[in-house]
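Quick one: the structure is below, and I'll ask about it shortly.
The first chain written gets the first letter, and so on, giving A, B and C; residue counts start at 1 in each chain.
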Amino acid sequence: MNQDDKQTLLRLQNIHKSFPGVHALNDVTMSVLPGEIHGLLGENGAGKSTLMKILNGVYRADSGNIVWQGNAIEIHSPQDAQRNGISMIHQELALVGYLDAGKNIFLGREPGGIIPGTINWGRMYADAGRIVDELGLAIDVRRPVRFFSLAQQQMIEVAKALSLEARLIIMDEPTSSLTDREVETLFSQMRALRDRGVSIIFISHRLEEIFAICDRVTVLRDGAWVATSPIADLTTDTLIKYMVGREVDQIFEPRTGSISGQVILEVKDLNRGDRVKNITFQLRQGEILGIAGLVGAGRTETLETIFGAHPASSGIIRVNGEQVRIRRPDQAIKQGIGFVTEDRKGQGLFPAMTVAINIAITRLAELVRAVLVNRGAVNTLAEDFIARLDIRTPSAQQKVQNLSGGNQQKVIISRWMTLNPRVLMLDEPTRGIDVGAKHEIYRLMRQLASEGVGIIMVSSELPEILGVSDRVLVMHEGRIAGEFNPQHATQDDLMTAATGMVQEGFRL
Amino acid sequence: MRKTLTLVLVIMMALLSVVVTTAQDAPTIGLSVSTLNNPFFVTLVEGAQAAADAAGAELIVLDAQDDSATEAANIEDLIAQGVDAILVNPTDSDAIVPSILAANDAGIPIFTVDRSAAGGEVVSHVASDNVAGGMLAAQFLCDALGGAGKVVELEGIPGTSAARDRGAGFNAYMSQSCTGVEVVARQTANFNRAEGLTVFENILQAQDTINGVFAHNDEMILGAIEAATAAGREGITFVGFDAVDDAVAAVNNGTLAATVAQQPALIGQLGVEAAITYLGGGEVVANVPVALSLVTAQ
Amino acid sequence: MTSHVRDLSWQVVVGGMLRRGIVLIVLVGLMTYFASQSDRFFQSRNLVNILEQNAALMIVTVGMTLTMLIAGIDLSVGSVAALAGAISAGLIVNNGFSFEVSVVVTLALGFAIGLLNGGLIIWGKLPPFIATLAMLGIGRGLTLLYTEGRPISLNGVDQYTFYGRGDVTLPVFGQTPVSVLVALAVVMIVSVILSATRFGLHIYAIGGSEETARLAGVPVTRVKMIVYGSSGMLAALGGMLLTARLFSAQPQAAVGMELDAIAAAVLGGVSLFGGVGNVIGAVTGGLLIGVLSNGMNLLRLASFLQQMIQGTVLVVAVAIDMIIKRIEGV
């Protein structure tokens, strides 16, 4: 045992792990210091989750050591990890929604009552209350967790980890479904934990979050360690370079210049409930229109209303100058309007079906021979898009659920492209997608625009909004609160409008 | 959504409000019937209703849906209502006993119709005898086959008394008085026409020679006739039980040789009449037999 | 001590109250209505009747509730009840065993069948619906095989029939049917287990999210096995009460009882998707069905109408549940 080991909380040494046909981790070494927030980065498939599963006892490493507080240990199960003081908070939260916070925190380790088998409820809630108080969470521990916000649920998971006296908490993309304000709250609580000496391994795809919260970062690529460095020594470009393995001059595609195409979609005084109020805007051919705003501002609802998923209560929609009636999605599709939803798995894909079918499904009616689906024609169509969009899949017959998020998104976009849409609306198109794939989605959007498609993109990531759009609308409480030229506007301008701090914001 | 819900609630309350008002001094008779999912018992209830109407009595009909526990509950409800007499058509002779004892305790006279009870005090039992009916069918089939041949028996729902009694009568006659006839297959088709069809299809596959078929009810025999017609098998004598309308029609057009006729309307009528006579202080015999007959083409 | 923040919104409070109270409100409303329409309804004899008529269903519903709480289901309860009734009667009448031995053997048999269900679900990886549907058929077949399709009469076996028709005199309540006491005891015991013990909490946790429970170290397999075993055992107990009540074991007893039990549980606020509900609610749901059928009998409603109304009540109850969910906004 050397001096270094004493200061290090955790050291993963020369970890190797293979799955049939894949060398998932190749000689990976990383260490975590006491009381630090350590970012773990890499594209999908880089080996982050395999490494964390080894640390959490889900997988066993083929070779290599886990040195914990100076001692080599073996971790056989998540319970084993917890006993050692290592807790993992999964992206899909592991909470029972119908049980209250106290029961969730102590589930599986309930303090016993006097009669064997019973629970000392008083002690349980007192302990739970103490832990959440220490975390600075103002919550009622007797309230079922389904009534809490996602950020609060994250913190309940943290409370659960603390009740296990965790010294290291692994947080896997904890911010992926949080609003910006919730992320801020979570970060301040994470910093408070760090100051108490708890270490955190933080996994995120959002680089700005990595810069905001992490002390040090480790980057993996293709199952191998690439770099470990204090965050202060890094720039966004170097980080991306580490992750993608090549120089990235720019994540965003250059704009093609001024948009002078004719107006292809016009929305006037569109209303639905209290989420969509008097929405009026125009979209030109070849234009990418960004819509920013806080979660709940009515952005998704606006797209849904235009698409007819929920009919408008009033308002006019014109396509190519002609007023159209859209009460159902099929009517929107007939007008050439496509909609890539935010929830890929639930609303966009048929996860257990093949890539080919997922691409061709809206065209199946034309791809039949006699009454049978013409498999050959389906595959030809699909393979064309697989090549054009560079969808990375072993074959068109692969089940789409086995693809990465970015490639799944390309499958959905392909499906709309088979219909030659005039307008394509994308809701959070790069959520949960890693940097390299994001870049490809942006390029694809720009390419579609240059072919004359009008594109509307809803996004919560302000750099994306500013980097990709030709024009930006900001929504606040169901209304359009501002319109901006992204080349002149700043993130602060957008946030000011999004939080309703100005009546109407413009920076054109 | 809210409108639909309101509508549903309104309909429910309206249905609940359909309350029959009671004439004060006319006797009230409860009739617990084993099932109304069978034309036989529906006809029985109609006969009973007609007799009650004629006598100015009120008849309360409760349906046990072929479940002994439901029937027990129904009879308790009748006792709670304080009816003057109860006519019971038991789902099962044994399971009805506690209910009859309860009525005895409450001092309410009990009459059984169609199926008897294995215990308790019953004023009078009104029925035609299923065992006798089974024998009647066996006798007809034996004569029609000239005392020799191969026959099939399609049984009713296992465990029901109708299936037990009809089968017992049929088999007793065959084994004692008609030894030349062999029962080559005996399978249940659950009193159901569709099952009668499939079960008999299977039997036709297995048996090269079949001279006659007896089914514990008409539904099954009508299914069997369809199976035989479809298979092109001729020369089979079919005998059913219950004389439902379809079966009588089949007898008339010659596909069905005979069906044992009970007279359900008469059973219901005689039951109610016995109860009214008893309530009026008159004498009733312990067993009121209702004649069985065989419906055949002349 | 720590200060607790109470931040329940009105939606949550109202939703919770409705979820817990709606079946009771409907039950009281229905009873008031029946009482106003028939002077016979509120006689103690009739009220006791209702409890007695539904004692077996209440016990079976408790078992069903347990399986539904872990996001499962047990369709075999009716068949298991019939089999248990037949075997318990057969052991006494045909084999000369004592009543006590018969009860113990039969309850053990019910538990074993439940464990078999659990095994098929856990290790056989069959959906609960399919595994217990298979057992529904097997159980009924075994019953017919064992009884040869004939009822087994218990006339004269007073020790047994006492549990179906007997009364004991209690202070305050007076004459009380034994079957009702048995049912109430079961309800109370299971209710305490669910609300106060670790095992109970683990049932809710598994129903809420089995994976989460597993990750938290809950012995998921053991809890599920015990739950299915208990459902089988309670079905057996219900079957014996039914047999005692009819003085005979019927091969066709309790046909469709699983559907009544599911309806009762759903009426009482137990979610078909697991994790939500309690036995008090479920049993109240069972009583609601019982009161409805008794009241409609007293009002002399035609039996076809009765079945329609029962179906309608179930639809309305589920609709109300969905409205509550909307009020809670979750």
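Here is the rule we use: a residue touches a chain if its C-beta (ideal position, glycine included) is under 8 Å from a C-beta of that chain, and two chains touch if they have at least 3 such contacts.
These numbers come from a predicted model, not from an experiment.
Undergrad: Moving only between chains that touch, what is the shortest number of steps from chain A to chain B?
TA: The fewest touching-chain steps linking chain A to chain B number 2.
Undergrad: Closest chain to the protein's overall Cα mean, using per-chain Cα means, please.
TA: Of all chains shown, the one whose C-alpha centre lies nearest the global C-alpha mean is C.
Undergrad: Return the distance between the CA-based centres of chain A and chain B, expressed in whole Å.
TA: Centre separation, chain A to chain B: 68 Å.
Undergrad: Using CA atom averages as chain centres, what separation in Å is found between chain A and chain C?
TA: The answer is 45 Å.
Undergrad: Using the average of all C-alpha atoms in each chain as its centre, how far is it in Å between chain B and chain C?
TA: 32
Undergrad: Please output the residues of chain C touching chain A within their complex, sorted ascending.
TA: Chain C reaches chain A through residues 1-9, 12, 196-199, 201-202, 204-205, 207-209, 211-213, 215-218, 275-276, 328, 330.
Undergrad: Once bound in the complex, which stretches of chain C touch chain B?
TA: It comes out as residues 33, 37-38, 40, 43, 45-46, 49, 52-53, 56, 144, 147, 149-151, 153, 155, 161, 164-165, 242, 245-248, 250-256, 293-294, 296-306, 308-309, 312-313, 315-316, 319, 323.
Undergrad: Per the contact definition, I'd like the list of chain B residues that touch chain C in the complex.
TA: It is residues 1, 5, 8-9, 11-12, 15-16, 18-20, 36, 60-63, 65-69, 72-74, 76-78, 80-82, 92-98, 101-102, 118-119, 157-160, 163-164 of chain B that touch chain C.
Undergrad: Going by the contact rule at the top, pick out the chain A residues touching chain C in the complex.
TA: Per the stated touch rule, the residues are 78-79, 82, 94-99, 103, 107-110, 112-113, 117-119, 125-126, 129-130, 133, 138-143, 146-147.
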